[in-house]
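Two complexes come next, and they have one chain in common, chain A, joined by chain B in the first and chain C in the second.
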Partner chain A sequence: MRLSTFARTILISISLTGVLLVVLLISLLTGTTVTEVKTLLTGSVQGIDAQKTWTIILSYRLPRTLLAAVAGAGLASAGVVFQGVLKNPLADPYLIGIAAGGSLGAVVSISLFGERWLLGTSVCAFLGSISAVGLVYGLAVARRGRGYVNTVILAGVIVGALMNAVMLLILSLSGSHEKQRILFWLMGDFSLASYQQVLLAAVAVTVGWTLIYLNANRLNLLIVGDDTASHLGLNVFRTRTLFMLVAAMLTGATVSVSGTIGFVGLVVPHAMRLLFGPDNRVLLPAALLGGAAFLAASDCVARVVAYPMELPVGVITTLSGAPFFLYLLVKK
Partner chain B sequence: MKTALVECRDVSFGYGTRTVLQGISLGIAEADFVGVIGPNGAGKSTLIKVLSGVLRPSEGVVNLSGADMRSLSRKKVAAELAVVQQEEASDFSFTVTEEVMMGRAPHHGGLYFEDHSDRVIVQEAMDKTRVTHLAERRIETLSGGERQRVRIARALAQQPKILFLDEPTNHLDLYAQLSLIELMRNINREGIAIFIVSHDINFMCESCAHLKILHETSFYCQGSPRDVITEENLAHSFNIKALVDVNPITAAPRMTPLARLENAP
Partner chain C sequence: MRWSEATHIYSYAKLLFSRRTPKNFTWLPWRICGLVAVSAILFVPPAKAEPSPKVCVEDDLSRQVCVSAFPKRVISLAPSLTEIVFDLGAGHTLVGRTARCNEPPEVLKIQDIGAYMNPDLERIIALRPDLVLSPESGMRKEVVDRLTDLGIPTFVDNSRTLDEIVYLLSRLGTILGRESDAKTVAQQFRQRRQAVRERVDHVSKPLILFAVGIRPLVLAGGRSFIGSLIREAGGTNVAEDATIPYPKFNMEEVAKRDPDIIIVLNKECREDECFNEWQKHQALSAVRNNQIYQLDADLVARASARIMDALEQLAAIFHPKVFGSGLSVGVNRTK
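Moving on to the complex of A and B:
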């Protein structure tokens, strides 16, 4: 007999939670020797060494691992929504200028405040993302009606290009130290993660995802087609607006704490859809957990693969995501 | 006298300055079987959109079960009125069961998991439309006729009092057309009113009890198929010379197109 959707949702969520927990544990312990782990667990050796290991795990590895997981969860969930709302399984949360807006905000903050106000980068990046979406959405609403989805995509690409140009202008005028910081930010970076950021991002992702999930059936109607959705009782314009704004907020929140990390929001939703089908009641929890596991794992690899040097996590996600994606395209 | 499910009086609609519908009045009551025919561009699809509340008339009022359509949410409308439209392309592929289950949306909130009664209703709809054997197939692997039966099943799962069909014979072979007529008759026999728009005259003569011709924004004539489908009416509204005789088996009027008329009357 075929399992009900509810049972499938629960089963898939439990399995992916297991995967995520394993990834988090591996990430926390990577770089720690087996003896050290034994020592920590048994408490047989006290003193400075044990304390040092605990410090590394708690104040360095734990916040960055958690931040990577939260950002991955947010990006993948936003990806599911944008693919649905823009009715294109190849859409990406960065497609409509959110990343460019966030980058511009971050770059402005880095060049104005430098390292005197680290959280300022996040705040400005979030404001940048939200204003980019506001601009794109305003343009699309001004021309509401048929062709609405295309207007959003076109306006998004143009607004994104514009903001990128301004961002590059500021980048080329800044000093070499700022350039370094900006470049790291642009490639995606968790090395400066703090519990403060984890908390902010976790709140944004929890609120945003819950709002979206409470409308999962409506998202299903929307991806079948506007007219069908309307005949099945959906207020299409209002629903799409809600989804767009919440997903934009989710993306903006993740961009603000992690910089722009490519491919998570594109590949994870797509892979989950291939595995579990297009039903958003199953897909949204799967993308949340799968995205968290994927980005936490990528961050762990970025940390250790070229030790003692650290690679930008965006390089890892793109290097692993792009070939997978090409494979999907060819297979289709 | 039966009460009207969908009723409108002196309704007009236009896109910008172009008038598409003007002075349209009609009433569809329980168990009615009404069809509107008309040439391409006569405003048939717009009529469906106005009567189902997707488009608001620029003049006049559309009522659904006595209530002004403008005061009803989309959800309330969808719980009484289902529309089987022409296919919409989608890049996301659901299974047949998932697709039919979406017909339950008007009876639920933003997030729900189907319960036993939803499953019973969906199963019944799939049995009636003979798509049960396709339950686990993905939509894009089906034929045009099968896909249309899935859309009708989804509409039935809404448990509507009235069913609209927009050009239902498009892309259907004759076998699928005949099973469509049979299916619509069975649905109608259960008391669900049916309202079809189409340009397929012979199909409409065989299936509808009442026909209206939509010609240049208004109804040109209406009545039983035998009254409406005459050589004069077809010449006037479709601009063709046609032979009209009677189907010896079903006694419905039958039209054979002969030539187009050069000068519009």
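Moving on to the complex of A and C:
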């Protein structure tokens, strides 16, 4: 019996939510000894140590795990949109210069302003991302939609390269302390996440994803082809603009709180497509939950592997994601 | 071999070994003469420049670095080395320094040869140095190789402990011709070190967190130079077990180990930023007890003779009871 799309969406969402919850639980408990867990569950020992364990979990582990999950969800959903709108399997949230713009913003913030207030770098990174997308989109509009996809991709790559060059320029002129901070930022980092960041990112991802999901049908149409879509009554230009801007906003918000973490936005959508098919109505929730679980798990690994040192989470996402993706590619 | 010599030899060889012999060329004697000439050019060593006494020391790449006695044009490629040259009373021989060198104040009059870790080779060569002092860490190997290839004696330093600094002092004293100054400086160095050691020897060692970066959290580990200073000043390092010198450290583990004293560097943040940043971590007793101190990054990060000031400051922070007010602590204390 073939299930309706709606039923499939529900089923897949429920199972992936289960996966996500398991990942979150494992991540929250990794690093805690068994006895500590028992103490927490039974509440038998109300000593200083139990309190300390709670503090560690609540003020360090929970926010970073949540932030990783939210960032993963945002990147993967944005990836689905970019791959759909640009009809390019290589498209990911970073292709059209968003990451470069965000990096530039962050680098400017770190090296020129220091870090004056907590979210300064985040705000600058967000502004950088948005201005990169604005520039790329402005170019596409200036060409009045002729060869839209190619314009966006080419302009994106060029704008990205330009911003990268400016970023490297600033990097080469800054002191070693700033250099170190910038490098860690570029490799992605959740280690000092705060609830404030989680909240901001969660709001952005929720709003962005909802907007995209409500238009999932239109995204399906866009993939079929511009001509077909417009014959079927879709305002192709307006729809594309909406998708691009919302996805850019999603990515910018994520990049601003987590740094540039590669591979999530590229691989999670592909993996979900291989697993559950190309229908965006199913794909969007799947990417949201899958991305969240994937990045939360990666962050957990990055935190634990070299304990008490930490590895950059971007390295873990690529090292673990690439073989899995290759396996899916061969198998399906 | 000079270029003109090389072209001579080439044209000789072309003439001698070409199949088409020019007419009226009685080739055998000419060829023999030519061969003798060529081999003479090739094998007779060029006349030596007037001999001057050479001083040689081994640098930290285990190479012999030889200079003619009393080098007069020295270039330093690291702030720490610049300071040591001045400590040894050889500041007047410095003709080049990095843009980062700022101690002692008269160093600013010396021409700078580009950024620290990224010096401008052309400017170095243009200054015709007879000795270049370079750090190993942070310096691209190519720079050192290029200088050495150009025949400029290049001493590479990789001091990571106080003992190594003493050793460095004696070698630089030798190569700069300031042996007695080096002995004096090393002697003072040892005395001050011994004084600190005696006073912190029998007191309990507080747990120290030394942050070289706060976002993300990067600590000075047990294998870093700062790590050895912490041990020397009578402290236990939170990140003693880290396998790399400056690890990005897990904040949870910091909370678990709960340091008594937190030290931050002034380069890392402006004004009170670092203090404010740490105020978020009220779970740490160092934060609750206001045990956060800010140190001058130039002081602790440079392996120069001033490192003794840093050591004394650290010891005074770690053991206020032992050192009391007898030692002025040049540190900003949190409000």
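The criterion applied here is as follows: the second predicted complex is superposed on the first by the 319 of 332 C-alpha atoms of A that agree within 3 Å, B and C clash if a C-alpha of one lies under 4 Å from a C-alpha of the other, contacts with A are read in each partner's own complex, and residues count from 1 in each chain.
Everything below uses one rule, namely that a contact is a pair of C-beta atoms (placed from the backbone, for glycine too) under 8 Å apart; a residue touches a chain by one contact, two chains touch by 3 or more.
Note that the structure is predicted; figures quoted are calculated from it, not measured.
Asks: For A:184, decide between first (touching chain B), second (touching chain C), both and neither.
Replies: second
Asks: Let me test your reading of the model: by the given contact rule, A:56 touches which partner, first (chain B), second (chain C), both or neither?
Replies: second
Asks: Which parts of chain A are touched by chain B and by chain C alike?
Replies: Touching chain B and chain C on chain A: no residues.
Asks: Within their complex, state which residues of chain C touch chain A.
Replies: Touch residues, chain C against chain A: 116-118, 138, 212-213, 215-218, 239, 241-244, 247-253, 255-256, 258, 265, 267-270, 273, 280-281, 283, 297.
Asks: Which part of chain B faces chain A closely enough to touch in the complex?
Replies: 52, 54, 73-79, 82-83, 85, 88-95, 98-99, 102-103, 105-106, 108-114, 136, 154, 158
Asks: Would you mind writing out the residues of chain A in touch with chain B in their complex?
Replies: 2, 4-6, 9, 84, 87-89, 213-218, 220-221, 223-228, 230-235, 273, 277-279, 281
Asks: Can you name the residues of chain A that touch chain C in the complex?
Replies: 31, 52, 55-56, 59-61, 114-116, 172, 175-177, 180-181, 184, 189, 191-192, 194, 303, 306-310, 312
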